[in-house]
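Letters A, B, C, D, E and F mark the chains in the order given here, with residues in each chain numbered from 1 onward.
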């Protein structure tokens, strides 16, 4: 483990989240915009509603929710090149598919009606956990957009927020570092981790997605059990923060 | 559940693998070529060795293993368009990254020396489980390539197969269908599944990767435990088939 | 001439074809699939029918037949990179246009009705003559697809196989190597050839396409005449093999 | 003129800038990051230093400064699609070339030494004037990066800030709306303008770039003179704000 | 200043245009084709009319005019690579947007009706001033196309040339070289210029576009005034040449 | 056959070439530039010499000759879209490969030394036969470039024109229209032709390339013989025109 990772691992308890700060309505032009911070990681999540669906969805009376994920060039050091050569890199593709699936898992697309919501997650500063921050913050933006849509006068067909979003979703990472199981990996911890697992769960404690990867390492049943327990604790705390952020709107 | 899925689920026990057939040396021009069949799914896996590594790896005395995955247009009905518009689709990108990570997890890249091995997994016929078949069959092709490389006269530096490949890797899918937990999902079962999980493990029973996804559904601890138990059983059987296939070369 | 070419040229008479093996219905999911082998060259040809035509053909009561050609990365040594950078290489483009033109020359597109057939020719192993093998094997796949389509109950409008495919098509290469004119060039012979000619003909002995090229060499009338005579002999034999393969279905 | 433009034009004097707010060091990971706001327009400018130059510049002892400009999808309503199809749109290309030229005009590339600085201008919220805000804010980020570079211990070769940046640069828009000449066009005013002019000047009052365009309209010498006079006034005020922002670092 | 530039600057008075030659109807197949020469710069301008407009313009009863600009590989020495990699370079994009805007500024799109005109400007030989030559020559091609369209028997709806093109447009470059202000920069002069300005004006003396750039240099009010005066003189002369060329048709 | 084709076929004898006009040194900046006209077809051929070879050719003491072919948008009616979407169309690819092969067949690449020559063939006006015009005109440009290169003072290594270009090359089309065999097809004749054949030959009467295609038609031995005889006659006449054009330089 590097000195930096060693420093990072000591700075908070293994089972504690980083500080989370949520600024709803960050952009004046779009109330469904959220500046989500988890430690030094900063993600700007905006949800945009369109009154159409993709061609392959049309005419089924159902809506669609999709996500796009992007890291700004200045979000990392050294600078990250833009995805402009006609080729979105594999990691970006994987992450935005995960975000999209996770959000759709808590949306009742029929209750949404034939409308599309795109949740953009643009990472302003990256310090680990950008995909889980995007899911947790993205859900808040999605929720604000649905709430606002529901309040539109003469909306046809009308929608009920609780029908469209019967559940909430949040996500967190856990990892194995040496003999420890650690919650919410920042960049230094992530680099030091033998195993890295992202867990996506509903607010009422059911799994939506589990992605555990041993990077040049493997893990056993006991480590898996400890990681899952810690992830559940993190998700519970994040869910409370989401409820609070949306509630005070 | 559709009639077809219902048919499929009855045709073998919930905890049984589909028939696996392995043809090593399928292509005369490349001994490290494997035609891998799991039920109706057919994947041609070939491993090609180069004596260089990607620029960003050069000079570190380590090798590299990567994978490419592709479905032939005629492998599905209706026909699947080729990825020729300069854009590899997201699903393909995700799968080939998973295959590459899984194979690298059992390779000692330092023992390989500064050489690259590309494992191509081309799906001739797709009936579900193509990514897990690619990992399981891809490992056999990789193993044949390393064995052959080790046997090259005057190889400089020489390599020892057991050092380069200290472990084996195999992969299988499991899923939740209604109240059942089912091993090795074919296309019909996969379409009917509420939860779909791919498990990648070493031959000695440790996890490399777990990817569990609830498609418009969620799952709980109990279902997770049953899926993992079934996956372990499947991996044990696949490992035996790999040992047999490589051994008779 | 290299030793390998010299070896190759001695292994069969100058006017003899390589061994041809045809496996119809190779893929269970698509009866119009053919594994075509000519010596070590292996091409998987599949024909897929769609009930629409390209936009520029619509409303004319005519169908369309097109072909795609691709070499799998493991089909050659060294490994051939995939065409994924948004750019299909020039050789591939030329070959698939040739296959498409050759197949269309024996199809009555009006008799086919407003339907499209795509013939995919994926080269599993390449040892010279992949484009001619693709035409010869592609016609068999096309024929199986048309036969199957004609047998569809209640097809509207109905079709008659003999109207759609009044003729057959096959293709072969010939070349000049030193003072010899040689039939059916494998990779070694092709590399040694001064002149390389691909001939596409109908089963009843008329030319569809002649492409003769002197690679850093030229040829005269006499050599041309000898190449054409040999090509005709080869086409006659291939036509018999096609008739047999389709007939035993 | 629309009601909104009419509203906008009344909300401040014709010769007044919008409110400008500058947050230096906005991103903890990059001190050369500036959140620049002009009214509702928000641009995040970050300057990244590399110790190499592009190949075509190498070995000349000179550095290079370049800029990239991008609007985030959520910065506009309706949402703006990402430039991911391999094609940066023409407007974006034009703007980032303008920003790059404008910044280079005040840099002594020889005094910089063989180093590259990329200034990224990512628009978080767009309300007109994003290109001029990018230049004005981008210069602040550039200045912070050069100051920090100069302070690097044992820098080889060393640099002197005043040599590298002997001048400052700022930019502003002016326009003709009906019979008025107006400073600093927001989106509503820009839409209403018959003529739109962007002026880039040094802090000591010399022109770097003038781009005046009549959109389906033309302009005469008198209008040109009035626009230039107003632009100069705006540039003087912006220069003071830049000096203040950099000074308090 | 290089010897070549010094030579070039002496070969004609600072306030004189290069020789202009205009060949209308250069291509037999398209009467709206113009070979435009300004000194050694040769641009082939062709205007093509379509009876549709882009989708985003449809149904508004207005037409559209657009331009494409391209330099042939042999137009420069050394040879310029073709824009075939899926990426039109930034300079090309900027220039063709400028040409399009300039032409549209003198077209009454409503009087044109729902028709599109594309003006292609292909540079056969480049010796500076290709963008201004493209505008000046492109207007002639546009004018020929509109005249010809108006003469089409039974045109529905009919058009009147003077309504569609109430004004003409021409363009010229001016620059500052040392203490001189120079009209119509060829390649040598352009390379030597500290400031380069392109001016686009109507035939009746109003500005459409001004683009002045100090390349690693700046300019003041006096220089600006002298450049604009010289540009006006040049535009007046070019307008006369346009009138003559179109008139003798 | 259409009325236009019928008109065209009567306007000159079946065995006569269209008028050929050759302007050498058409571009002042490149003496190896040729404006080649065959009837209404106009091709600008320029040959550019570089003192390097492609990476894969380096260090072998041999040179390289390649060709690029392009049709200008205004060369056809209706206008042809530019190849700018990152995708060169199949026809263009085929044609430029043919031109390159044909030119290389008459070049001694070793005698050329490690130099590259690119022959650009840009079609200004297209009326059939653009590929054969490109070969015939391209050879003249190539010849001018080699002659000029040989005359370079102190050239190292020196070259001898007759060693580099021991032979000449020209190309012509022939076709079958009804019961006639016709030389040099213009657009109208090409559209009416059942069979279309392009023949590339050396000045001393040997074949370099034969490409005969029955478009929805076939042809027999007799038709083939008659087409080849007519092509030879055309090539002989074109060779004389080439000799004359190069000779008067």
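Heads up, the rule we're going with is that contacts are C-beta pairs under 8 Å (C-beta built on N, C-alpha and C of every residue); 3 or more make two chains touch, one makes a residue touch a chain.
Since the structure is predicted, the reported quantities are computational estimates derived from the model, not experimental observations.
Undergrad: If you average the Cα atoms per chain, which one ends up farthest from chain D?
TA: Measuring from the centre of chain D, the most distant chain centre belongs to C.
Undergrad: Work out the mean Cα position per chain and let me know which chain is farthest from chain A.
TA: Between chain A and the rest, the longest centre separation is with F.
Undergrad: Rounded to a whole Å, what is the gap between the Cα centroids of chain D and chain E?
TA: Here chain D and chain E have centroids separated by 29 Å.
Undergrad: Just give me the whole-number Å value for how far the CA centre of chain C lies from that of chain E.
TA: 51
Undergrad: Averaging only over C-alpha atoms, locate the centres of chain E and chain F and give their separation in whole Å.
TA: 33
Undergrad: Using the touch definition from the top, which residues of chain E touch two or more other chains?
TA: In chain E, residues 86-87 touch at least two other chains, as defined above.
Undergrad: Would you tell me which residues of chain B are touching chain A in their complex?
TA: 86-87, 90-91, 93-94, 96-97, 101, 104-105, 197, 202, 206-221, 224, 228
Undergrad: Which of the residues in chain C come into contact with chain B in the complex?
TA: 27-30, 33, 40, 42, 44, 46, 48, 50, 68, 70, 72-79, 82-88, 118, 120, 122, 124-125, 127
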